[in-house]
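Paired with subunit B in one complex and with subunit C in the other, subunit A is shared by the two complexes that follow.
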Partner chain A sequence: MARVIVDVMLKPEILDPQGQAIVGACGRLGFPGVTQVRQGKRFEVELEGEADEAKLAEVRKLAETLLANPVIEDFTLRVE
Partner chain B sequence: MTARVGVVTFPGSLDDRDAARAVRVAGAEPVSLWHGDADLKGVDAVVLPGGFSYGDYLRCGAIARFAPIMTELVPAARSGLLPVLGICNGFQILCESHLLPGALTRNSSRHFVCRDQLLRVEAADTAWTGSYSSGQEILIPLKSGEGSYVAGGETLAELEREGRVVARYVDSSPNGSQNDIAGITNEHRNVVGLMPHPEHAVEALTGPSVDGLGFFTSVLARLADGAPLAAATG
Partner chain C sequence: MARVIVDVMLKPEILDPQGQAIVGACGRLGFPGVTQVRQGKRFEVELEGEADEAKLAEVRKLAETLLANPVIEDFTLRVE
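On to the complex of A and B.
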């Protein structure tokens, strides 16, 4: 069994109100040095067998189609 | 013959009943469509209502995009022949389906916004806005947490250049939408996405106005013309 991690982040130019809320909380909680937080999503995709090139291409397609919206998000893929 | 306007119910749709009622008040026959059936039942137009389809898991509209009904709806809408109005969650579904460009993201204020909102109709030449005049101001409810419209610079410029911004928020954007955009249309002008809710403003008893009714009477007038939309708009 192979596990592929897909990290999805809002593109840098897209406003991240959730990240901003977290920065606000950091200040109140006594972490004043935190200047920016960007919140993203992590998907753990488990596959049958080895994660060969063909399977990774499938996961990449899955990420483009469903897991991320390429209009506003970027994603990265890695085998764990 | 009475026009038949379909209203799709997804698991988590909230405003399908109000949308069907608005269709009836406008003088058409509402037809219930089910997300799980790849069958448009021969309707003349479709409304994708507001709500939280599939719990809005992953992203708003991201799962609904792949519902069986959408496999029928998307090609018909893309061809320019089938008028489709997506309201709120329906707008999000249209963007996720790539029938409309851009995306809806979390309100910049981080708060869910629920209020009667003044809009300015900018494009009165779509299948859903012919009953309005360009520049007309209308008051209809807005209720959304992820209504901030974003698109790439080139896409935004194209929308503006081609007059495809259907409505804008008057005064200031309540959710951080680029260019104060409340609604847009596609190149054939048969598909319209709108974040505020015209279906909640069709009767004086329950709405802040009856300004929303025009969206539904517009499509009936367009259907009565009988001209295929794609041919009519090139």
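On to the complex of A and C.
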């Protein structure tokens, strides 16, 4: 059983209102020094068998189709 | 400027309906071999200066207060 981590983040040029709201709250709650926060999604995908190249290609296609919106999001894959 | 990554996931004993919906969709969309998917949140927190122990303790407190719900979620920190 292999586990692949898919991290999905908004593209840098896309405005992140959730992240900005968190920075604002940091100031009010007394967390100085936080200059920026970006929020994204993290997926733990468990697969049968080992994570060979073919399986990783499949998870990449899954991420493009189902887990991320390629228009506004980038994603990275890594085997854990 | 330092960047700390905060990964927030549901505790293992908590049901993850979003993850289950994704596994169901994997079957329908022709992605065999996906046995389980868990979805969580990923935060990129940028700080002024270097990420020393004091700053990491601050980000840990921020995560407990603002980024994660300690009742149903676990989180991990790492400096990028």
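One rule holds for everything that comes next: the second predicted complex is superposed on the first by the 80 of 80 C-alpha atoms of A that agree within 3 Å, B and C clash if a C-alpha of one lies under 4 Å from a C-alpha of the other, contacts with A are read in each partner's own complex, and residues count from 1 in each chain.
Here, a contact is a pair of C-beta atoms (placed from the backbone, for glycine too) under 8 Å apart; a residue touches a chain by one contact, two chains touch by 3 or more.
Note that the coordinates shown come from a computational prediction; the quantities given were computed from them, not determined experimentally.
Looking at the superposition, the partner that touches the larger set of subunit A residues, subunit B or subunit C, turns out to be C. Looking at the shared chain after the overlay, A:Cys26 reaches subunit C, while subunit B stays out of its contact range.
By the touch criterion defined above, A:Leu67 reaches both subunit B and subunit C. When both complexes are overlaid on chain A, the residue A:Pro17 reaches subunit B alone and has no touch with subunit C. By the touch criterion defined above, A:Gln36 lies against subunit C but remains apart from subunit B after alignment on the C-alpha atoms of chain A. Look at A:Ala57: by the touch rule set out above, it reaches neither subunit B nor subunit C.
When the two structures are aligned on the shared chain, A:Asp7 is found in touch with subunit C, with no touch to subunit B.
Applying the stated touch rule to the two superposed structures, the overlap between the subunit B and subunit C interfaces on subunit A comprises residues 66-67. For subunit C in complex with subunit A, the residues that touch the partner chain are 1, 7-9, 19, 22, 25-26, 29, 31, 33-49, 55, 58, 61-62, 65-67. Within the complex formed with subunit A, the subunit B residues making contact are 58-59, 62, 66, 95-96, 101-103, 105-110, 148, 150-152, 176. Across the complex, subunit B is touched by residues 10, 14-15, 17-18, 20-21, 66-67, 69, 71-72 of subunit A.
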